[in-house]
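Consider the two complexes below, in which chain A is the common component and chain B and chain C are the respective partners.
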Partner chain A sequence: MNISTNNLTLGYGDFIVLKDINVTIPKNKVTILVGSNGCGKSTLLKTMARLLKPMSGNVVLGDMDIFQKPSKEIAKELAILTQSPDAPSDLTVFNLVKQGRYPYQSWFNQWSKEDENIVEYALEKTGLSSIRNKKLSELSGGQKQRVWIAMTLAQQTEIILLDEPTNHLDIKYKIEVLDLLKHLNQHEKRTIVIVLHDINLACRYADHIIAIKDGKVYAEGDPKEIVTEKLINDVFDINAKIIECPLFKTPMCITYQNLSV
Partner chain B sequence: MFNIKTPKLILESNKSKLLLLIGLLFLLIAFFFASLLLGYIKTDFYDLVNTYTNYTDSIENIVIKNSRMPRALIALFIGASLSVSGLLMQTLTKNPMASPGLLGVNSGAAFFMVFAYSFMPNLTHNYLMISSFVGAALAVLFVYALAGGIKGTIQTFDLTLAGAAISAIFLSFTQMVLYKDQKTMEEILFWLTGSVEGRSMDSLVKLIPIMLIGWIICFLLAKRLNLFSLGEEIAKGLGLNTELLKLQIILLVVVLAGASVAVAGPIALVGLIIPHFTRFLVGAEFKWAIPYSIVLGAIFLLSADVASRFIIYPKEIPVGAVTAILGTPFFIYIARKAENK
Partner chain C sequence: MKNLLVARKGRMSFIYEKRSALIFVVSLLICIFSILLSLSIGQKHISILKVIQLLFNGGIGSDSFIVNVIRLPRTLVALLVGASLGLSGAILQGVVKNPLAAPNIIGITDSGSVGALVFLTLFTDPKNNALTISIFYMPLFAFAGAFIAVLIVYLLAYKKGVTPYRLIMIGIAVAGAAKAITSILIINGPVIFIKEAQLWITGTVYGTNWTHVTILLPWFLALFIVTLIYTRELNIQNMDDGISVGLGSSVEKNRFLLMILSAALASGAVAVGGGISFVGLIAPHICRKLTNSSFGNVLPLSAIIGGIIMVLSDIAARTLLFPLDLPVGIFTAGIGAPFFVYLLLKSQRAIRRGF
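Here is the complex of A and B:
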């Protein structure tokens, strides 16, 4: 299933955040949206997930405008994890992950053995099987984020969108979460779109980067090809020296304001 | 429902939740009978049986049939309905201090009641009730419109603000009428504090089916409410029509809390405390939270009503005053417990 945008203009009230955006998310790849604070990358992600309505233009999922499709049908093809969601703290891991099966249920289709198996799979993938009965309030930040990712996995969608999934996490958990997403992409051919702050992690994990600046797509493509000193300077308004990461052979940016302070 | 791979804990805790619920149902029945039998006029179980098998015009029979039975039923149904509407409101606004009054239900009902009572003194009791229900519904409509409901997207934060504003306006209107008309004030004070006393059986007959339907709809929405409590964006992402659900919640609160206020006045704290106690006992899952808040709300108001007959015996005080007295320490306890968790 392909997802792309068509002359998408987004904003709040009279304020335009993004204008005439045309992007196509490459299938079965990890795409990362980067840009400075308030550039509209989260807005773009939420609109692609039909959480926000565009001012004009459209989002096309498969061969249909996303706003023409029943929302529950979309939830079987595309999952979104918004930024730091907040669930009742006495909910158990199992009961939260289980909610990911909602799109598949109806009056006639109650909870089934298949739903049960898929929740089991999601718990196993995210390494949560052993703590399934713990309450959310008993979990660390990294575990909590994995529970939410497990919930989107239970949705069994080809496309997963995530808004700052590593926000507020310790570096260990940041890597853990991104490794998990990369694993899902490589072993299960999921199309993954992430909004991420950290340009170095973006370069390491992305097959495709979309850099946003001044309400437009500044550049998009393979990080090895597009991430240059000029791009960092234009998009993030900071100087940078780019070297090759000794471990992953991806671009690594050393950012600075002045060489002598 | 769960296979062997799922550890037993969940099944067991479901079982214990069910057992406790059955226990509470028995407690509810006990308080219902207490409400029928206890009071200024001494009656016993024999009088109760007699009333419904071999009715005579004895004072005991009259009191049970015309006063205590409607009163017990009202306390049961209104306690339950207020508590469920409180649960819905707290879910809708994600605000633990929310209660049905936040939507303007109480202040709207109070103004229409006072206005009708003062300017149309010949209205029968039934019409007064209807007018105060209309007031409750109208206040909610204003709040809904102010919070963006007409444009199709309600912001829950705006809902809280609009509710406070509309409540303040209706409250000041009410005070103006009462200030102008001292006689009304004296007569309506009992209603304004919240009371389940002196209501007739035939107003109840219309009320009970409406409330039962409201409760059933709550049950049908349980799964969606679970989803909604994960946050609006997550719920939307899972395919839930959150705008429709918000409207359904508001309508349910209008019906359940609006009808309660119309009959018994703004009874304090039931809709605030019982949902907290419910979550404290059974957690956030609505398939348990809904029945528990129904049963606990009914028990709370029934017991408060029985207590209201004895606190300054032989006189009675309005049940709304008792719920406040009983509820406040209890509420502080629950709030502190939750904080420490």
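Here is the complex of A and C:
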């Protein structure tokens, strides 16, 4: 299933955030959207997941405009994890992950064998099997985020969109979450799109980067090819020296405002 | 999987937590016991065993009359009113994603009062302070008042969809306006009317009979079944809207339907029982403390716990200051609040012990 945008213009009220965006998300790859605060990367992600209506243009999922498709059918092909989502804190891990099966269920078919198997798989993949009966309030930030990711996994979709999935997490949990997403991409061929504001982590984990600036796509492509000192300066308005990461051989930015400090 | 009950047959499948099922059964037994207690206690004490006998065999005589004609309908009305309010509150708390929501916060109770007072104003003959038509029509007016209020709240809150925050804010405004109208009507009404109005606003099941039961019972049962069908949707509504839409739920449509369900339940209760407060707020909370926020647990349990609170409150209302028969609304908070505080303290201690 391919997802792409077609002359997409997005905004709030009369205020235009993004204009005439044409991007195609590469299949079975990790795509990361980067840009400075308020550039519209989250808005773009939400629109691709039909959470926001575009002012003009459209999002095409498969061969259909996403707003022409029944929402439940989309939920079987594309999952979205919004930024820092909230749920009652006395729910258990199992309670929440189970909700990912919603698009496949009905009021008289609430827990099929398939639902059970897939929730089991999602819990196992995210390392939550042993703490399935814990309440959300008893979990660490990293565990909580894994619960939400497990819920999107239970949706069994080819495409997963995530808005800042590492927000407010310690570096250890950031890496844990991103490693999990990379694993899902490599071993299960899922198409993953992430909004991330850490450019160095973006370079490490992305197969494809889309950099947004002034309501337009500034550049897109393999981070090794497109991430340059000029890009960092133009997109993030900060100076940078780019070196090769000794571990992952990906571009690494050392940012500075003024060398004489 | 050991803590889950799973039932599958063909394309049908259901799941329930074992612990919640147990709590549900225990609550049901307590509920039945409260009903029997309510039938037993009163001016004339009739033993519970005798009550059971009279219920099943009917029979003639004064005891049978007291149990089957006087106490039973009143107890059942109390039960149904409490169950409706508990369920209504649970639904509303899910829809607005806020555990402090209750039917009165979006103006249902206050607007029901307006309906009841409009009835009293229109049909009280100022010459002799008597009603010109039967008091039986008052519930119709109360119902209309409550239901119209919810529609007004929804319409005013609508702006490319309804957000929970706007619903609450507009609801509080409408409730405030309704209170003002109530005051105007009371101040300008005849003197006799003040007592009647005040009684109604506090909430009472005094003088209810089998007619009330036959009206309220099917209303409640029908709405209860629809609510159970919508349990899944409530679980979804309780999360962020972004997540709900992402899961493929028609969030707006379901929000409207659930609001209507909540309003219909509360309006039915308000129409018969008046402005009973606290049950709709506290019953769902007690259920969450006993189980968790999953609506499969909260919904059926809220109805039962709401019913228990009302039945026990009514026992207190008509016996504590006997021969005074006080409005039950005075006692709902008195019974519900201490139990809720107890649960809060208990769960705090459990946390400290590290459970």
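Simple rule for what comes next: the second predicted complex is superposed on the first by the 257 of 261 C-alpha atoms of A that agree within 3 Å, B and C clash if a C-alpha of one lies under 4 Å from a C-alpha of the other, contacts with A are read in each partner's own complex, and residues count from 1 in each chain.
Just so it is clear, a residue touches a chain if its C-beta (ideal position, glycine included) is under 8 Å from a C-beta of that chain, and two chains touch if they have at least 3 such contacts.
Small disclaimer: the values here were computed from a predicted structure and weren't measured.
Asks: Here chain A is shared; do chain B and chain C fit on it together or clash?
Replies: clash
Asks: Output check: A:Ala75 vs chain B and chain C. Expected answer is one of first, second, both, neither. What do you get?
Replies: A:Ala75 sits against chain B and chain C alike.
Asks: Just checking: does A:Asn109 make contact with chain B only, chain C only, both, or neither of them? Give me first, second, both or neither.
Replies: The second partner, chain C, only.
Asks: Looking at A:Asn7 after the superposition, I want to know if it touches chain B, chain C, both of them or none. Which is it: first, second, both, neither?
Replies: Neither partner.
Asks: Should A:Asn133 be classified as contacting the first partner (chain B), the second (chain C), both, or neither?
Replies: In the superposition, A:Asn133 touches chain B and chain C alike.
Asks: Looking at chain A, which of its residues have contacts with both chain B and chain C?
Replies: Overlap of chain B and chain C footprints on chain A: residues 46, 49-51, 70-76, 79-82, 85-88, 90-92, 95, 99-100, 102-103, 105, 111, 113, 116, 133, 155.
Asks: Looking at the complex, which residues from chain A come into contact with chain C?
Replies: Residues of chain A touching chain C: 46, 49-51, 70-76, 79-82, 85-88, 90-92, 95, 99-100, 102-103, 105, 107-113, 115-116, 133, 135, 155.
Asks: Under the definition above, what is the set of chain C residues touching chain A in their complex?
Replies: Touch residues, chain C against chain A: 1, 3, 6, 8, 11-15, 229-232, 235-236, 238-240, 242-243, 245-250, 288, 292-294.
Asks: Which of the residues in chain A come into contact with chain B in the complex?
Replies: Chain A reaches chain B through residues 46, 49-51, 70-76, 79-82, 85-92, 94-96, 99-100, 102-103, 105, 111, 113, 116, 120, 132-133, 137, 155.
Asks: Can you tell me which positions in chain B touch chain A when the two form their complex?
Replies: 1-3, 5-7, 9-10, 223, 226-227, 229-231, 233-234, 236-241, 279, 283-285, 341
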